[in-house]
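Each of the next two complexes has chain A plus one more chain, namely chain B in the first and chain C in the second.
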Partner chain A sequence: MEYISIFFQYVGQYLKTRLTYRADMIVEIFSDLLFQAVNLVFILVVFGHTNLLAGWSKDEMIFIYGFFLVPFSIFASFFNIWDFTDRYIVKGEMDRILTRPVHSLFQIVLERMELESLFGVVTGLVVMFYAGDKLGLEISWYDPFIFILLVIGGALVYAGIFIALATIGFWSDSRTDIMPMMYNIGNYGRYPVDIYNKVIKYVLTWILPFAFVGVYPSSYFLEREEWYTYAFLTPVVGIVFFLIAVTLWNVGVTKYRGAGN
Partner chain B sequence: MQNIIDVQGLKKEFKSFSSRSGLKGAFRDLFTRNYTIKTAVDDISFTIKKGEMVGYIGENGAGKSTSIKMLTGILTPTDGKIVVNGMNPHKEREKFVKTIGVVFGQRSQLWWDIAVQESFRLLKKIYNVPDQQYEEHMKDVIETLDIGPLLDKPVRKLSLGQRMRCELAAALIHNPPLLFLDEPTIGLDVLVKLRIREFLKRINEKYGTTILLTTHDLSDIEALCERVVMLDEGKIIYDGPLKELRENWAEGKQIQFQFSEEATLEELQHLTQEHLVVWEKGESDLVWVASVEADETVISGVIGKVTAAKKIADLKILEISTEEIIRNIYVEGAVRHG
Partner chain C sequence: MGKYIEMIRIRFLMMLAYRTNYYSGILIYSINIGAYYFLWSAIYGGKENIQGLSITQMTTYIAVAWMARAFYFNNIDREIAMEIKEGKVAVEMVRPYPYLNMKMMQGLGEGIFRLLFFSVPGMIIVALVFPIELSTNASTWLLFFLSITFSFIINTQINLLAGIATFFLFNNDGLIRAKRVVIDLFSGLILPLSFYPMWAQNVMSYLPFQGISYIPSMIFTEGFKGSQIYEALLNQAIWSLLLIIPVYGLWILAKRQLVVQGG
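Entry: the complex of A and B
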């Protein structure tokens, strides 16, 4: 397909630019790693005081965190749209995007990708294998395929939510702090939802379904059968939220007002 | 000839929120908002035929940019019908933009940190231009714009003039039949301007490219366009040949005499009494300006009479510039048709 070939052209260009600024890239990967380490230490500190949290063991929590890193890193590499309003609406860069014969959201994904973040996939896998080993989990031949499916679902959940938020920019270009707040809420998805109260659990499942990025899909690999329904809903929820977001985006584009002049 | 652009009753309104003053006002704004509707483009209609070069002029805020953005599919019109290249720009945006080229003078199409040719390569991919067509066409474009030596430099290291030439080339990668140029020569020096104009003329002749150009620099329009569309407050106030605009508005000419000896008003009036002449004193005692109607016999009559009687050091016939004409039109607010 045409889009795939455009995608690789951009990736090639991206790597070429990045390799000329090697120091930058190393700093970025390093700071990503540091950030992930801090999160892991937090989990370890919590479990320094207790071995079980609402029926989940320390290693299970670490496994969930490891899993969460994978879809999150994919999202972070391709959907850097947290500053969409500022960059594209207020500064009018959207004008340029709209004069090109490729879907506008796809162009923004391509322009804003940060492939360094994909390093988080490696960290996530390492963490999962470490925790999985301690838990004595076994891997079947079909598990890698299910893993890929669930990861894609989780990444689409994240993408859907953030795309939907970015479309607000088409209607109002005033500053909001909703994006950083949403990143914080996203973090709740990497802890088991039954440690929260019912309302929060409901919100994290059906309204801002971040639970489908971490805990629900991981429960499949942790063999927690009571959550299997949710685990397999992950790709469905991902696709539904993503499609809703793209629809909102397409409507938003028709409301675009252009910048000043 | 077929119409490339067909615009009927095009309208664009912006709803904007006007805030009240003071803290009390801010509180009231929370509950009831004052919206004002600003009509940026108000019911305009025109058609442009294949191969035309049209100048689109107007003061800031006259609605030029807004209408160009509707024609290029960036903005959705509030009302009216647009058909460009046989398509509705906004409805079929992705297919439509393959048939146009756009240059916004104040906004770059190129990627800032990568070399110009890399930008071109990405655009080639985006527009899905076959290798052979690209090679042939771009070789010519690159040569004419003389940007060969710039191709391996990153865009951020180019001067404005160099960048602008690259922008033009980038807009033509897919050899579009229709080109929109919004302020393409803004801030450029005379030589670059001339080169860009020549280039535009050339592609117009060679490929029959239709060009719609907005500019504040009327010399661009004079050099390129036979037809102008003039906007004021969102309405078209003139649409026709530039020549006709000049003829209808530039009534009369001025003849400026610089005498080598002093002259008085009475003396000059006496000399030219058989013609209708208004004499005015120029910058110094020796300079006098005669305003006459643009008629050959009158002009030569006046010059003959004066030069026969008095010694002159210099003589100029001043034509009213297009710029002045346009200014006059805006002052009067409408165009008289001859």
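Entry: the complex of A and C
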């Protein structure tokens, strides 16, 4: 298909540009690792003062974090649209995108990809295997397939939320500063949702469903049967939110008027 | 002096034009503080206090740390990097005022705007919803404001350093991101430094980062008492002065090897 060949051409160009600034690329992978380390440090320091968090142990929390890293890294590699309004609407770059015969969102995904973030998938797997080993978890033959399904679901949840937020830019081109904070809220999906009160739990499940990127899917592997329904809803929620976001995007594009220069 | 006040004013007015969007920001900040609050309640799990902080003090700490962040936080590192990449920095350097001071003043304008239109209303909302304790002691407030002024200075100096590094790296998004992560962790924004193991606390006491978030938040929650407060403020003052040296040193080196990539 045409889109696939375009994708690989962009990847080729991307690698060329990245290799021009090699030092920066290394610093970037290093800063990703640092960021992941910070989150682990948070878990470790907190469990220096308590043994259980709402009935979940340290290793379980570490496992959830490891799982979270995989869909999150895939999202971070391809959906860098947190600065969409500034970059495409305010600067009028969207005009250029719209003159080309490929879906506008697809082009932005291609232009803004950051493949070095995929390194986080490796970190995530290492963390998961480490924690899983300590917990004595067993792997069945079908687990890898379920894992892939849940990861895709989680990545789509993230993509859906951020695309939907980016489309605000089509209606209002002023700055909102919501996006950086959203990354923060995304982190709360990694903690067992029963620690929150009803409102926040509801928000994290059905409105900004970040819990479907962390605690819900991980509970399948951690054999927490009370959460299985939610775990298997992950791909459904992912697809629904992604489709809503793309629909919003398609409507939004028709409202785009250009910023002028 | 007059020109600097003008720079602060212009940046303030620029931000004012977008003020309605800040109300959505307050909502998001409140959700963030709320989630943190429940997370910490679960961590405390009925314990009276951890490391000398009660759950109320902890909630206050989190709320004030995030609200103070709105004041000292700015993106001048990214702005400098952008101006260097686009070659605008050449024009900026011709202008009749020091480039670095101008950037700092713009950051201050932004900070004052956020303090008035974001932190103050945000803090009021958060205080209504969550059990936090605001000090009734005027001197605590005064010392807190003095302390966040130092926070702004230290954080801005570190931002300038990261921005100027673009002269040497050309593309330094990675460095800027790494810097942000280090500050979040070592400044005490996500965890009070007293929660870390002793050896880590020792390391951090030799770094400037605790002056960004930990010190003002501890002053505000009255986690610091008596002479501790003055020692902490002195620490901030010393770092504010000390950091001038690398900033100007790096700036002089950078000007010498300026390459304008286009413009």
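Worth pointing out:
Operating definition for what follows: the second predicted complex is superposed on the first by the 260 of 261 C-alpha atoms of A that agree within 3 Å, B and C clash if a C-alpha of one lies under 4 Å from a C-alpha of the other, contacts with A are read in each partner's own complex, and residues count from 1 in each chain.
Throughout what follows, contacts are C-beta pairs under 8 Å (C-beta built on N, C-alpha and C of every residue); 3 or more make two chains touch, one makes a residue touch a chain.
The shown structure was predicted, so the numbers you read here are calculated from the model rather than taken from an experiment.
Overlay on chain A: chain B and chain C fit together in the combined arrangement. Of the two partner chains placed by the overlay, neither chain B nor chain C lies in contact with A:72. Of the two partner chains placed by the overlay, only chain C lies in contact with A:191; chain B stays clear of it. By the document's definition of touching, of the two partners only chain B reaches A:254; chain C does not. When the two complexes are overlaid on their common chain A, residue A:5 makes contact with chain B while staying clear of chain C.
Contacts of A:203 after superposition: chain C is touched, whereas chain B is not reached.
After overlaying the two complexes on the shared chain, residue contacts for A:48 are found with chain C alone; chain B is out of touch.
Number of chain A residues touched is higher for C, counting chain B against chain C. Within the superposed three-chain model, A:99 lies in touch with chain B and out of touch with chain C [touch as defined at top].
By the touch criterion stated above, A:13 is placed in contact with chain B alone, chain C being left untouched. In the superposed pair of complexes, A:147 makes contact with neither chain B nor chain C. For the pair chain B and chain C, the model built by superposing on chain A gives 7 Å as the shortest CA-CA distance.
The touching residues of chain B, when paired with chain A in their complex, are 14, 60, 65-66, 69, 72-76, 90, 93-95, 97-98, 100, 102, 104, 106-109, 111, 113-114, 118, 121-122, 125-128. Chain C makes touch with chain A in their complex at residues 17-18, 20-22, 24-25, 28-29, 31-32, 34-35, 38-39, 41-45, 47, 50-51, 169-175, 177-178, 181-182, 184-185, 190-191, 195-197.
Across the complex, chain A meets chain B through its residues 2, 5-6, 9-10, 13, 16-17, 92-96, 98-103, 254-258, 261.
Touching chain C in their complex are the following residues of chain A: 21, 23-31, 34-35, 38, 41-42, 45-46, 48-50, 52-54, 172, 174-178, 181-182, 184-185, 188, 191-192, 195-197, 200, 203.
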